[in-house]
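Two complexes follow with subunit A in common, the first pairing it with subunit B and the second with subunit C.
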Partner chain A sequence: MHNFTLIKTKGDPGRTVNSLLAGLVEKELVQGVLTLAVGPFSSLPMPSLLCSIEQIKNSSPLAPAAGVSAAVHAARISRGPEKFRTAAVLRPCELRALVELAKLNQARLENLVLISMECPGRLENRRYLELRSEHPDLDVDYYLHPDLQAEASGTCLSCTDFIPEYVHLGICLLGLDLKQEIGISWHQEQGEELARVMEFVSGQESDSRRQAIKELEAARKNAWLNLQEKTAQEISTPEGLQKAIGDCLGCFNCQRACPVCFCRDCVSSREAFEQDPEELYDRGARKGSLRLPTDLTMFHLTRLAHMAHACVGCGQCSSVCPSRIPLADIFRTTGASTQEELGYRPGRSPDEPVPLVRFSEEKDT
Partner chain B sequence: MNTQDNLKRHPGEETGQDLNVLALVCNWCTYTAADLAGVTRLKYPTQVKLIRFMCTGMIDVRYILRCFLEGADGVFIGGCHPGDCHYLSGNLKARVRIKGLRPVLEMAGIPEQRLRLSWIGASEGKKLQEELTGFTSEVRKLGPASFRQMHLV
Partner chain C sequence: MNQNVRALVIGAGISGIRAALDLAEAGHSVLLTEKALAPGGLLLSLDRQFPDNHCGLCRILPGDITGRVWNACMRRGFGHPDIEYLPGVEVLDIQGTPGNLSALMNRRGLKVDPQKCTGCLECLKVCPVSQPYPLAPGLGQCKAVHPSAPHKPDNWLSINPDACTLCGKCMEVCPTGAIHAAEGNGPESMDKLSLAVLATGVEYFDPQLHNHLGCGHWPDAITSLDFERLISGVGPTRGVLRRPSDLGKVRKAAWIQCAGSRNLKLNADHCSGICCMIALKQALLAREKGMQCALFYMDLRTPGRNWQKYLNQAQQKGIRLIRCRPHSIVRDPGEDSLRIAYAPAPGEQRDENFDLIVFSVGRDPGYKLPAWAGQEGVIVTKGSERVLDIAGSLIAASAAAGRALRSFSDSCAQPGGEAYVSEHEHIHPSVLVVGGGPAGLSAALSLAEQKTQVVLVEKKDHLGGHAIKSMVPEVREQVLELRDKVQKHPEIEVLNEARLQSCTGPAGRFVARLLDARGHKREVKHGAAILACGTNPSRVETEDPRIINVFDLPEKLLSPDAPGNSSGRTVFILCSGTRREPADYCSKVCCQLALRQAIEIRRLNPESEVTIFYRDIIVQGDDEQLYTRARSDGVCFIPYLPEKPPVFQAGEKSVTVQGVDPYLKEDLQIEADRLILASGVIPESASDLARIFDIQSTEHGFLKEADVKYRPLDSVRAGIFVCGSGRNPVLAGEAVLEGEAAAQTALSWLARGRRNWPGSFVRVKTALCSLCAMCLQACPFKARYPDEHTGAMAVDALACQGCGACIAVCPNKASAWAGQEEEEMHELE
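Then we have the complex of A and B:
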């Protein structure tokens, strides 16, 4: 990579990113910024559409949290007319989800400046709030202390796609002394244009940076292979799956939190799913009893069948599950096989069609 | 039938069948082939129940999942040869969908041999007989599917 520059941070990498974002608005490249910000009544950073320079300078773009996936909100904001151009700061997984949504005509990428960062992982919301009460400077400390990063969500700790791909501006954090400097990389035509306006000067990447990326890649890959093997072993039997989803309440949180599950009216929540008392009695009589609510195995398998090819591995489904079902493990493991089978990687590029529409007489995909 | 009578029933008892094989078949090819097989007195296993669809392209993956969760031991899908679809590309859509569904079945603990997709043209009554016979005996080797008796979440 040669489109790379270093920016001095003066101790706070988050503030440096803030100034950069504010610069985009000041130079009228965008009208607003979508990034994490803390409101007056909670310390949990949430995706926010920031329009004033002052608010942008107080945002927390590097906060290690993702209360919800920002991808759906970036998609929604991007659907407006062209006069609303937004800089969206997303985690790599959120960026992949956004690209998937764009393929399904749910987002207009031409209205967005895509900014993403090398992601050491996010903390679960609850854990973020706990740690923040111990570390007031959590958003900075997190990047300096590996023991804090080890607290990241299980999904993140086994994520191998921590470097953003389809991005205009990349925030480079690995293998750098963030108290001193952060890196910015730029990509695609839009990225080049931004770099010109922002007057970035191309520089060299250090070997220590490459080394740090390599090390993290190896550790994450190892964790992922272990998780994949464990999930395949423990869950992929009829009994294993039932044990895994046995505590499901049918709240459909996983479906709502999933950034790529885009239908506004889910087949699982429609009336077609409702059964009349006679049918319930008939089904109950067949096996002696019937667990209520019914058809949750069907719900989870349907979601897998519909979305596994597009699973970007963000882990939101696991995070929101009140019964702590390892949904993300199930989804990522199934998704890995589906994606391999179909020769597809979700979120790589908006020009790559979704596999279900790629068919021909000779062969598929 | 009242509830207690119903409780005494065992799967397959009413039909005297040891297996439940569902064949979801296309109206324009495999179903016509089944007609031909009937006219020419070719026999296929009685465990197979044919369900006619206008096209394999309209077979939602949920239909297949539902078959398995309700206790089907095997699901057979018969469609037109590539290039012969009455609606141009329904069979190709079915093919790519089933390709994507297989890892899901694997995660659910359903062996992939329990689902077969075959192309059977309208004139291929003999092939229909062979495919259904072969599939049924393969499913028999796997034994009854465990979802049949299981209390599912």
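Then we have the complex of A and C:
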């Protein structure tokens, strides 16, 4: 990679990124920054739209947390008029979700500066709060201690797409001594333009970086293949799938948390899923007993049918499930085979049409 | 509806149905008679059709949201509010003058009322008659009362009037009184008919009657029409291929082409045109069932842009193609199968056994039109003169409907009715015709003669296209006459040297932008567009004056100092640039042109030698006579294989052509004074037009129709029609016919604007729409668009054809079938 430069960190890589983001606003390249920040009432960093330089300098762009997917908010913000240009700092999975949303006219990428990082994974919200009480400098320590990174969510630990793809500025963290320096890479025309204005000087990447990426790739791939095989086995039969989702409460959190589910009003909340007492009695009488709420298998199958091709593997569905159903494992496993079948990688590029609209009976069957 | 025009259409096969629909859609009242009870004609017995080998009987009827007419299966019957369908009626004679014709008809036989019939089939038990099964005479007997068509439910019985003895036993036994002598049986006259279209189709050759190669003697030698029934899932063997003689399993089958066609002994100097493709299809279907298939042929005729691919597919799937005419079929004692003796090459005698032999039959050489077909006011569809494929029949039928209306145009007022209710969905009552070749000219004139405004746009500075240079005087005259009429017609504005730049707007309210001859910008509002751009000859890259493109020859041939015009040797190489990648299609025009030229060269110089290297001579119908004539005139024909085409080298004295003698299997060298290359045609402007009008084009750049079989002249976009060589290479006469048919199709579309178009197939629940625009991308008809007023994706009701693609992609069910809520659909179960 040629478009790469190193920036000194003076011990806190997060602050270095903050200064960079503040620079974007100071140079009037953007009007605001969307990134993680801790608010006055909670220690959990949440996606925040930051407009003042001071707030940007206090944000936590590298905090290993993703309370909700920032993709949805980046998409929402980007739909404003052109005068609102935003720098969005996203995890690679959030970036992929944003690209998917852009294909569906839910985001306008031209209003965004896309910034993402090499992602060692995020912590579940509760775990983040617990660890933070033990490590006041968690956002820095996390990158320095592999045992902390091992606490990342299960989805993250088996994620092989930890390097952002469709990005303007990439924050490079792997294989570097982050106490000393972080790397910045730039991509696409917009990235080139930013690098010019920010006066980045192109430099060489070290072998240690490449080595670190390779190692992480190998470890993640191994974890993913094991998980995929296990999940595929479990859900290979209708009974298996029903067992896997057997604890579902019907809260539909997974649907609400899913960043690529973009309908204004999901079918699951409409008449098709309504419980008509007469029908309930009818079904109950036929089967002897009827578990309530009903039609949850149908709900999950519908979501799989609608979204498996677009699943970016962010794991939010698993994170928000009160019954701890491994929904992300099911989605990613189904998604992987669907995506392979269709030759589609969600989030790779906004120019890649969604399979539903480019599907051709001749070519795809 | 215009009650002044009362049209009679005779024959309810696809031609008749198409003509009747065109007349009815244009707002006229139509009587449609059919000798049989079931509509559909021959097509009903064909289960599957190439190129996709699917059934298409639902694809002919137009869709209509009100359910008056729906793309229903034609096997279920036929109904249209403006067409009176008269089954079981034969027309015996027509007399009178256009505008006041009277037809003598005969209603015959007993009728079974499908409303009363319960399908108990008691009548079959008592019927004393045994007749060959009408749909497949070679495959067993049935009673005089029998299912009216394959796939019909049991309560759709019909009684064959030719076989029925009127004994009345079925009437006695029928528990519901469903069988009755139709009231008014017998001859009847129908008067005050404005016009009549004869669409009865041709009669097929019956090899049994001629004892053709022992057909009739061997039960396992059947006709291609019988084969359709044999392989049908609802045929006598339920789709399992069995030998008719002993119901033994068929492992190996042979097709013998040209039974009753291309046979001077039978006085059949014509090519039936469709049998090669039908045989390929049948062999492919049999191959799917694991059969070994061989096809004996003389020339495999796969004309036009579509069928070469199908042939390639057949070869890839292992269908053996054997170029020879078998001389006998015998059955050896003790053998179950039949032995075909044939000679694949001189001196090479081969015997091969087959379980089943299929004769590919075409038009009966003895078939003649009835005498009254020549009556003024009676228009005969081309499909009643020669055998045409499905698309060809439909094109010919639409053209005939148009001719019928034009022959009558003075008294034929604009179809009446109120202007369409909604102002913004009104169809502009004019047509833009692109291309001034034979197709474009005939389309423009047909429209103008039916009182429709036309703007005709031509790239060049003159009209007529390549056809005005045609070698055939009749073609030249026809095109020149068309040109004169077009130039003089007050309804037609001709824009020569015009450059089309864009066409925008919703269906029926198009706006084309173009630069006229002086470079001025022009906007043309139109309700329909007919794209008739034609093709250009492929270029032959050579400086050598002795190497000539077949399309440049006529002028050079006629000049007295033409090289080789004295007593030299002329060599033609056909398919020199086509029927292989990158132009893997047949240009159709070259063979007949080369034959005409060869004949002309021999006529001018009886001393000269003419040799034609060819792959397959592809001429159809009566053009076969050109081939016969060329051979008898001493033109030497040498077939070559695509993998070993002849090569040539221009030397000082002559052009050396090297090929292979297929019989001696030896190299062959000809020192030619003149080499003529048939390098085919290319659709140069078609892809540009496709882009401008936002329709599809094929991999080779031809304009693509909505459905190659059933909607050959529609594009996928409503209101945009395609015809002529730019769609599919055609001869000039065919291009004229396609132009007329396209005009008629366009008129039906314009007439929609005058009727109360009932609305859209698709309803949009605006509150649910996320504006993801997947519907816009998925819609093949460009019928979805973002509506600024509602903030949702809307449906252009005129362009929507009800395919449901948008409903399928909409994750949110914001797009839904109009009038068909999900709950209602569940209730249908």
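In the analysis below, the second predicted complex is superposed on the first by the 359 of 365 C-alpha atoms of A that agree within 3 Å, B and C clash if a C-alpha of one lies under 4 Å from a C-alpha of the other, contacts with A are read in each partner's own complex, and residues count from 1 in each chain.
By our rule, a residue touches a chain if its C-beta (ideal position, glycine included) is under 8 Å from a C-beta of that chain, and two chains touch if they have at least 3 such contacts.
Since we're looking at a predicted model, the values are computed, not measured.
Go through the superposed model and pick first if A:H309 touches only subunit B, second if only subunit C, both, or neither.
first
Subunit A residues in contact: does subunit B have more, or subunit C?
Per-residue touch count on subunit A favours B.
Does the superposition put A:N58 against subunit B (first), subunit C (second), both, or neither?
Neither: A:N58 stays clear of subunit B and subunit C.
Based on the superposed arrangement, let me know which partner A:R264 touches: subunit B (first), subunit C (second), both, or neither?
Only subunit C; A:R264 stays clear of subunit B.
Does the superposition put A:G240 against subunit B (first), subunit C (second), both, or neither?
After superposition on chain A, A:G240 lies in contact with subunit B alone.
On the A-aligned overlay, A:L356 touches which partner chain: subunit B = first, subunit C = second, or both, or neither?
both
Counting only touches as set out at the top, which of subunit B and subunit C does A:A285 meet: first, second, both, neither?
A:A285 contacts subunit B only, not subunit C.
Could you tell me if A:T338 is touching subunit B, subunit C, both of them or neither one (first, second, both, neither)?
first
Using the touch definition from the top, say if A:Q211 reaches subunit B (first), subunit C (second), both or neither.
neither
On subunit A, which stretch or stretches are contacted by subunit B in one complex as well as by subunit C in the other?
Dual-contact residues (subunit A): 267, 306, 356, 358.
In the complex, go through subunit A and note every residue touching subunit C.
Contact set of subunit A toward subunit C: 104-106, 262-267, 270-272, 306, 353-354, 356-358.
Quick one: in the complex, what on subunit A touches subunit B?
Spelled out, the residues of subunit A in touch with subunit B are 232, 235-242, 245-246, 248, 267, 281-282, 284-289, 291, 296-298, 301-302, 304-306, 308-309, 330, 333-334, 337-338, 341-342, 355-356, 358-362, 364-365.
Taking the touch rule as given, give the residues of subunit B at its contact with subunit A in the complex, in rising order.
Its residues touching subunit A are 3, 6-7, 9, 61-62, 65-66, 69, 82-83, 89, 92-93, 95-97, 99-104, 106-110, 146-147, 149-153.
Write out the stretch or stretches of subunit C touching subunit A in their complex.
My answer: residues 767-774, 777-778, 808-809, 811-813, 822-823.
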